[in-house]
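The same chain A turns up in both complexes below, where it pairs with chain B and then with chain C.
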Partner chain A sequence: MQDRDSGSCWFTIIKMEKEYIIELKNVVKRFPVGDGLFTALNQIDLRFEKGEFSGLVGPSGSGKTTLLNIIGSLDSPTEGNALVLGKDISKLTHKESALLRNHHIGFIFQVVNLLPVYTIFENVEFALLLQKYTASERKKAVMEALEWVGLEKIADKKPDKLSGGEGQRVAIARAMVKRPEILLADEPTANLDAANAHAILQTMVKLNQELNTTFIFSTHDEKVMKYLNRIIHLRDGKVESDDLIKSKENVPGT
Partner chain B sequence: MIRFLLKGILRDKSRSVLPILIISIGVALTVLLSGYIKGVFGDVITQNARFETGHVKIMTRAYAENIDQLPNDAALLETEALIGELKTEYPDMDFVQRIKFGGLIDIPDTAGNSKAQGPTIGLSFDILSQNTNEVKRMNLKNSIVQGRIPQNRGEALIGEEFSKKLKVKIGDVVTFFGTTMNGSMTFYAFKICGTIKFGLAALDKMAFIIDLKDAQMVLDMEDAAGEILGFLPNDVYNDMKTIEISETFNQKYKNSTDEFAPVMKPLKAQNDLEEVFNYGENMSGLFVFLFIIAMSIVLWNTGLLGGLRRYKEFGIRLALGEPKSGIYRSMILEAILVGLIGSCIGTLIGLGGTLYMQEVGIDISEYMKESTMIMPNTVRSKISSNLFYIGFIPGVLAMVIGNALSGIGIYKRETARLFKELEV
Partner chain C sequence: MFLALKLAFRNLIGAGLRTWLNAIVLSFAFVMIIFFNGFLDGWKHQAVNDSIEWEFGDGQLIHKKYDPYDPFSFQDSHDKIPDTSRFLSPVLVRQATIYPNNRMVSVVMKGISPDQSIVKIPVEFLKNTKVDFPVIIGKRMAKSNKLKKGDQMLLRWRDKNGTFDAANITVVEVFDNDIASVDNGQLWMDINKLWQITGLDRHATYLVAGNHYLPEKYNNWTFKSQEELLEFLLEIIGMEKISSSILYMLLLAIALLAIFDTQVLSIFRRQKEIGTYIAMGMTRFKVMILFTVEGAMYSFFAMILGTLYGIPLFRYFTRIGLSIPEASQNAGVTVADVIYPIYTLKLILTTILIIIISATLVSFIPARKISKMDPVAALKGKLQ
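Up next is the complex of A and B:
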C-alpha cells in the first residue's frame, strides 16, 4: 500500500500543478438533535497546501471544531469527501484513522490537556510510545521537541507546576514531536494572555517554517489572525470567505 | 508501554489505591481462610490418624459395629500373623496393634483402702519394643508433663488432668480394674512413671496409657488386639491410597459370613470424617467463588468511576492516534498490573497471618472441654503451596473481569464524543 502510494505520488506531482495535502469536497456534517438533524457543516469546499499557516475564523458554533475533527479523522462527514494525505476519511476503519492521526496529524486544544500523573517529558514521550522508537531515539526526539518550545530545562516537572502558557507549549511539543505533516490547533490561545499567545504563535510560525508543517487553526482571536497567511471565515457551517494574506508576522522564507 | 502504565498506576493514587486495597483484603482473607481450613483439617487428620483411626484401621466386623463400646470381646485374634501378611503385601506401610479399654483406676492409701477412684479410657500401644514407631508417632516424649515415658513392663502414664483429679504422684502405684476379653474381672497394679498431656481434651481427661504387652496380659488378649492401625510411609496421609488399599483388602473377605472376619476402614470412613472434610472443602470453594463474584462487581464499579474520570485521558490518547482497542488493551493491562500488585500484597499478608496462625495458633481448649471428638486444643493454620495461588489468581481475575466490563464503555462511546470531553 505504502509503495503504491509513493509510486503514484510521482505521477500526481507531475500531473497536478499544486500538491494538496487536504481536500474537502462538498463536506456536509449533520448531527442528530432531538427528532431532527442539525447541519453543522454545509457544503464545505476547501483545499490546503503543504506548509500552509491558515485559520478557520468564526463565531462560536460556526462549525470550526467540527471541521477540524473531520480533518483529524476523529469524525467523518455525513456527505461529501474529505481527503487527508490522499486518504478518504469516511472510508477509513477506526484503526486506520488512528494510524493516520498517530503518524501524520498533531492536535492542540483550547484547554491544556496534559496527563497530570506524568512528567512533561513523559507527556511528550507518550506520543512516540505508539510508534516503534527505541528509548534513546525517543529521548532525543522529546528533548528536541522541548527545545523547540524552550522547555527542555523543566522536562522532569509535573504539569501542575506549569503556567497556562508553558502548558500550551508542552502541548505543542507533544503534537510536534512525531513531526506530523498536519497540525490542527483548536483555539489554542483562547485561555492565554496576550504575551503568552504571541510567544506560542511565534513558536508555531517557527516550526511551520522549519519543518514545513501544515498548520490549521480555529480561532476568533484577533492576535492569531495577524499571524495567519490564509483566513477562512465560517458562518453557520458555511465558508463565508477565503482570503490569502501576506502577513507581516509570518512571511515564509524569513 | 507497560512501564508507562505502571508509572501511571503508582502515581495516580486514586486509580490504584482503592482497587489494590480491595484486592489485598479479599486475597488476604481468602489465603487466611484457606490456610486456616487447611490447618484445622490437617490437624484433625493427623490427630485422628495418630490416636484413633490410623490411615486405615483393621477390626473384626463385630468390633467395627460396636466400636463405641470398646468391644474387646470381638477383638482380632492371631494378630501377629495378620500383621505379617499385611507387611508382605504393603511392605512400605507400618501396621501396629492398639488396644483401647475401659476400666477403673483406684488409688490405695497405705492401709490398702481406696483413697481415690476414677473411670478411665485405657490406651495401649507398642511403647517398649526397640524398633517401635509409636512413641514418635504419638509424640509421647514431648507430651510428657512430669516424669518420663515407660521403660519397663508394669509402668503407666496417666493424663495430667486425670492425675490432678486423683491426686496421683509420680511413683505411686495404682490399681487398674477392668474386664478381660472373655468377660471376667481383672485387676493389676501399675506404677505411674509420668503424666501426659496431648492437648486433646477427650484424652487428657481420663487417659491411662500402658504398653501393648501389658494390656494383652492384663486383658487376657495374648496375640490379640482390638485394632490394627496402618500408616502410610512416613506417616504421610493420602486419601486415594487409603481407599484403594481398603478396597483390595476387603475384597478378600467379601464372601465370608464370619462376624469376626477382619474389615479395613480408611481414615475418612471413620468418625464421620468424610462429612467433615466435604463440608470444609465446599465451604472454602464457595468462599473463593463468592469472593471472585463480589470483588468483580466492586471492581467493575470502581473501574466505571475511574473510567469516567479518565475519559479526558482517553480523548487525548485517541487524538494522539491510539486506537480504542489499544486503550482497552492498556486498561486490561493496567488491571492486570493492579491485580498483580494487590494480589501480591494480599497473598503476603495472608501468608504472614497464616504463618502466625501456624506458629502460635488459637487456643480453643475452653470450647473443647466437654468434647469427646479428637480435636486439638490449639487450632493452627497451615501454610501449603496452594496458598500462593488460591487468592492470587482470583484477585487478578476479579480485577481483570471488573475492568473488562467497565472498559466496554469506551467502545460504546463515539470517538468524537470521547474527544469532546477535551473541550471542557
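Up next is the complex of A and C:
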C-alpha cells in the first residue's frame, strides 16, 4: 500500500495528488533521551486520501501518537516533509499551525480532556469561539454536533456528570463541530467498555460517511480495527505494513 | 481580547474557592491602601486648613532673625512694624517663665492684636474682660500645666533692656484647637500689653498676612507665602505617606504573591487544559493572554469584593472620623482629635490602576512559560 499512488500516468498522478490531503515523505522524528537521540519515526512515507477511515496500529512506543501529533501540526518532523492540506508542517509558524488545527483538524484524545468549568455545550462551542461565528450560528452548529452524538438533551451539564462513554462522545462532538477535513483520534476507545466503544465507533463511521471527514486513529484495540478500512502497522517507528482492509460500505454499523 | 476576558471569567468562576480566596486577600490590600491614604489625605486637608486658619493666614512677613525652632533667636528677632503694613496682623514673640502650681515653666509669650480677624486665635477674650493682665492658652498648654480658665499665676519676663519684671496673669480662656504650634508652651496676650511690659512699642516678630495683602520688600523682614510655611507640615505628611506605603507594599506583595503562586500552579496543574486549547487551535500567545487576563481579573473580583465591604466602611469613618491618640496630638505636628478621611476619585482610581497593573504583571511572568510550552508534553501533562 505504501507508495500506492506512484503510477506512471502523468494525468493520474496529478489527479491523485489532488485527492491526498496528507502526505508524509521520509518523515523522521527523533527525541533527545539522556545523552542520545531516540528515533520515534523512521523514514515514514504515507499518503491519506480525503474520507479515509484509517488506523495506525502497533504496540506502545511504535510511533503512532508521534505520527498523529505531526499530522495534527502539534509537532514537526526532524527530517522529511509532512504536508497536510498542502501545507508543510515544518514550515508553519505557531500561528499558522494554530489556524490549521482550528479550521481543518479535530482531535480526540484517549483522556477526553474536556474543560471542567464549562458545560458540555460550551466545551463543544469552544472551537467555534476561535472562529468568527455569530452566537446563533454557534448554537446551531453545537446543537447539531451534539445531536450527532446523541447528547443534545444534556447540553447544560458539566463534564464531571458524564460517564466515560458520554465524555468521549462530547469529545467527538467538540472535534467535529467545526466540520474539519481531518479528525485524529488517539486511542479513543482505550478507556471505554465494549458497548460504549462500538457506539462511539459507529458514530464516527456515520460522521465519516456523512461529512466525508478523514479519520485517522491511533489504536491497538481490536474493536477499532474492525471498523477501519485501512490499517497501517507501525513497529519501532517504521511502517511494517499498510493494508486496505475493506471498502467503507462493509464497515460494521453502516 | 473579548474572548480571553470571557474565558478568563468562566475559568475563575469555575475555580470557585481558590479564586475567592485570592480575591479576598487582594481586596483587603485594596481597602487598606484606600483607607490609609484617605486617612492621610484627610489629615493633610485638616492640617493645612487649620494651619492656615490658626497660624499662617495668607503668608507671614517674618523678621529675618526669627527661627520658631530656636528660642534663643526670640530675644533679638523683632523690629518696628513696617509703616505700610496694611492687611497684616503683628505678633510679638518673647520668652518668659510662669509659675503655675509652684512649678517653673518656660513659655513663649505671644502678643497679638485683640482686634485682628486674620487667624482664629480667640482674641475677643483679651478685650472683653476686666482682668488686669488677661492671657489665653490652648487646651494642650492647659492640660500639661494643669491650668484652667480663671487660674492666676506669676509671669516673669525680661524687658527690652534685659531687666526682669513680673506680674500676676489670669487665664481668661482655654481655647480648643488642633495646632500644637499655637498651643504647646504658648501664652497669648494683647500685643499692646506686651509692648507696654517689654518696652518694645510697635515691635513685632512676625506679621500674619490677610487675604488682600500684597507682598512688599522691607529691610529685616522676609515674606513667606502660605506654600512656604506649609512646606514643613506637608513634608511630615509626605514622610508619613512614604512610611505607610511600606505597609501597603507588604499587603500588596502578599496578595500578589498569592496570585503569582496560583498562576504558577495553574500552569502546571492545567497543562492538559493548555494542551487542549492549543490542540483546538488557540495560539500560544492567546493562551498566554488568557492566563494573564485570568490573573488580572483577580483584581476586578477584588475590586467588587472591596466595594462590597469597603464602601460601608469608608462611609462609616467619613461620618464619624478616626480618633487620634493624645500622644500624637502633642507631638508638635498639626493633628486634630478626630480626623475625617477623604476618599477622592483620584485616590480610588490610582489604587485600582496600581493593583490591576501589578496583578497583570505578576500573572504575565508565569504565563510567559506557556509560550515556550511543548503542546504534546502539555497534553500528556508531562511538563516539569
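Simple rule for what comes next: the second predicted complex is superposed on the first by the 228 of 254 C-alpha atoms of A that agree within 3 Å, B and C clash if a C-alpha of one lies under 4 Å from a C-alpha of the other, contacts with A are read in each partner's own complex, and residues count from 1 in each chain.
Everything that follows uses one rule, which is that a residue touches a chain if its C-beta (ideal position, glycine included) is under 8 Å from a C-beta of that chain, and two chains touch if they have at least 3 such contacts.
Just so it is clear, the model here is predicted, and its values are computed rather than measured.
> Based on the shared chain A superposition, would you classify chain B and chain C as clashing or fitting together?
clash
> Which partner does A:Asn69 contact after superposing on A: first (chain B), second (chain C), both, neither?
Once the two structures are laid over each other on A, A:Asn69 reaches both partners.
> Tell me the contact category for A:Leu130 with respect to chain B and chain C: first, second, both or neither.
It touches chain B and chain C both.
> Answer with first, second, both or neither: which of chain B and chain C does A:Glu152 touch in the superposed model?
Neither partner.
> Return first, second, both or neither, reflecting whether A:Glu23 touches chain B, chain C, both chains, or no partner chain.
Touch partners of A:Glu23: none, neither chain B nor chain C.
> Mind working out whether A:Asn113 is in touch with chain B, chain C, both or neither, as first, second, both or neither?
Both partners.
> Applying the document's definition of touch, where does A:Leu99 land relative to chain B and chain C: first, second, both, or neither?
both
> Go through the superposed model and pick first if A:Glu79 touches only chain B, second if only chain C, both, or neither.
Neither: A:Glu79 stays clear of chain B and chain C.
> Return the residues of chain A at which the contacts from chain B and from chain C coincide.
The overlap between the chain B and chain C interfaces on chain A comprises residues 69, 72, 74-75, 94-95, 98-103, 107, 109, 111, 113, 115-118, 122, 126-127, 129-130, 174.
> Over in the complex, which chain A residues touch chain B? Could you list them?
65, 69, 72, 74-75, 94-95, 97-103, 105, 107, 109-111, 113, 115-118, 122, 126-127, 129-130, 174
> Please give the residue numbers of chain C that touch chain A in the complex, ascending.
Contacts found on chain C: 3, 6-7, 10-11, 13-15, 272-273, 275-276, 278-286, 374-376, 379.
> Which residues, counting only chain B, touch chain A once they are in their complex?
Residues in contact with chain A: 1, 4, 7-8, 11-12, 312-313, 315-326, 415-416, 419, 422-424.
> Can you list the residues on chain A that touch chain C in the complex?
That would be residues 69, 72, 74-75, 94-95, 98-103, 107, 109, 111, 113, 115-118, 122, 126-127, 129-130, 174 of chain A.
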